[in-house]
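Worksheet for the structure shown next.
As written, the chains take the letters A, B, C, D, E and F, and residue 1 is the first residue of each chain.
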Amino acid sequence: MPYVTVKMLEGRTDEQKKALVEKVTAAVSETVGAPTANVHVIIEEMKKSHLAVGGKLKSEQ
Amino acid sequence: MPYVTVKMLEGRTDEQKKALVEKVTAAVSETVGAPTANVHVIIEEMKKSHLAVGGKLKSEQ
Amino acid sequence: MPYVTVKMLEGRTDEQKKALVEKVTAAVSETVGAPTANVHVIIEEMKKSHLAVGGKLKSEQ
Amino acid sequence: MPYVTVKMLEGRTDEQKKALVEKVTAAVSETVGAPTANVHVIIEEMKKSHLAVGGKLKSEQ
Amino acid sequence: MPYVTVKMLEGRTDEQKKALVEKVTAAVSETVGAPTANVHVIIEEMKKSHLAVGGKLKSEQ
Amino acid sequence: MPYVTVKMLEGRTDEQKKALVEKVTAAVSETVGAPTANVHVIIEEMKKSHLAVGGKLKSEQ
């Protein structure tokens, strides 16, 4: 632990995901004092038709 | 916030999902007093082979 | 199933929570065609010091 | 309830998933005293490019 | 990985929780072929006033 | 969106949590190109008796 989950809309590149997990892992490790090796990051992608803010799907905007 | 997640078996139409997020957003907003614009709804679909009740996968029934 | 999770800031009354699960259950049941008895709703409350939007904790605002 | 979620890398066979939900359901039921029929298990699969431990994606190893 | 989350009503003893994580870890390890050391189990307890099935809170039953 | 959840053992100070959400928000925003204002971070704390790795609760170690 810690266990970090990042939910975001699909469409990011592999390079962006690689940078994401590196930077998030460093941010968590530095601020809460956990060894880098113990930080787990899971990316979960959402389709635009599966996320709504204010009652409106992102696919409808 | 609030953040609402709805996990359900796959197979619903886009129209059903659109109605789902509208009605759920209204239900949450009315009952807890949050502005509609602040309500986030995420739909997560499951395959029948990934959900079990009573130890039996839905795909086996 | 479906399984619904509502994450929101703590502080709502028992009456509000009762209304919340009733209305959300009805909204889900009607729109996706699941029997009411199969709809599960879980409420998860957050402290203001555990939620940040835009990098700022709600407890700091 | 109880509601169990198992997140794991994709690639397991249907037979493995069937055994997984049977054994996990039994384990939960026996130890916490819940009827088997009330135990819900959801499997969530991750791609190797969506899981990082120690800041490194599994797809990079 | 795998990462297992067990959500259940509060009230189980420490002995039950200890047995729960042991048995669930063994069940997951055996069936999906993951080393025991890699299995993470998180217990999340719910209050009866935070869980509803069929639109009715467990605290109302 | 994105929505970030950080699950970790309880015990961090308010200062650590404040730094955590600032740094994680910046890391996510920079790497996936989302405006800072759209990044939501939720902290979830676990008791040592609610987390097990390798079948052993942290409270037993």
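By our rule, contacts are C-beta pairs under 8 Å (C-beta built on N, C-alpha and C of every residue); 3 or more make two chains touch, one makes a residue touch a chain.
What you see is a predicted model; the values in this text were computed from it and never measured.
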{"item": "Same vs different contact residues, chain A with chain F, by half of numbers used", "value": "same"}
{"item": "Which of C-D and C-F has more C-beta pairs touching across its chains", "value": "C-F"}
{"item": "Length of the line joining the C-alpha centres of chain B and chain F, rounded to whole Å", "value": "24"}
{"item": "Between chain F and chain D, distance of the C-alpha-averaged centres to the nearest whole Å", "value": "22"}
{"item": "Distance from the mean Cα position of chain C to that of chain B, given in whole angstrom", "value": "11"}
{"item": "Sequence positions of chain D contacting 2 or more other chains", "value": "1, 3, 7, 26, 40, 42, 46, 51, 53"}
{"item": "All pairs of touching chains, each written as two labels joined by a dash", "value": "A-B, A-D, A-E, A-F, B-C, B-D, B-F, C-D, C-E, C-F, D-E, E-F"}
{"item": "Footprint of chain A on chain B - complex, ascending", "value": "14, 17-18, 21-22, 25-26, 36-45"}
{"item": "Complex contacts: residues of chain E adjacent to chain A", "value": "1, 3, 40, 42"}
{"item": "For the chain C and chain B complex, residues of the former touching the latter", "value": "1-9, 12, 16, 19-20, 23-24, 26-28, 30-34, 46, 51, 53"}
{"item": "Chain C residues within the chain F interface of the complex", "value": "7, 46, 49-57, 59-60"}
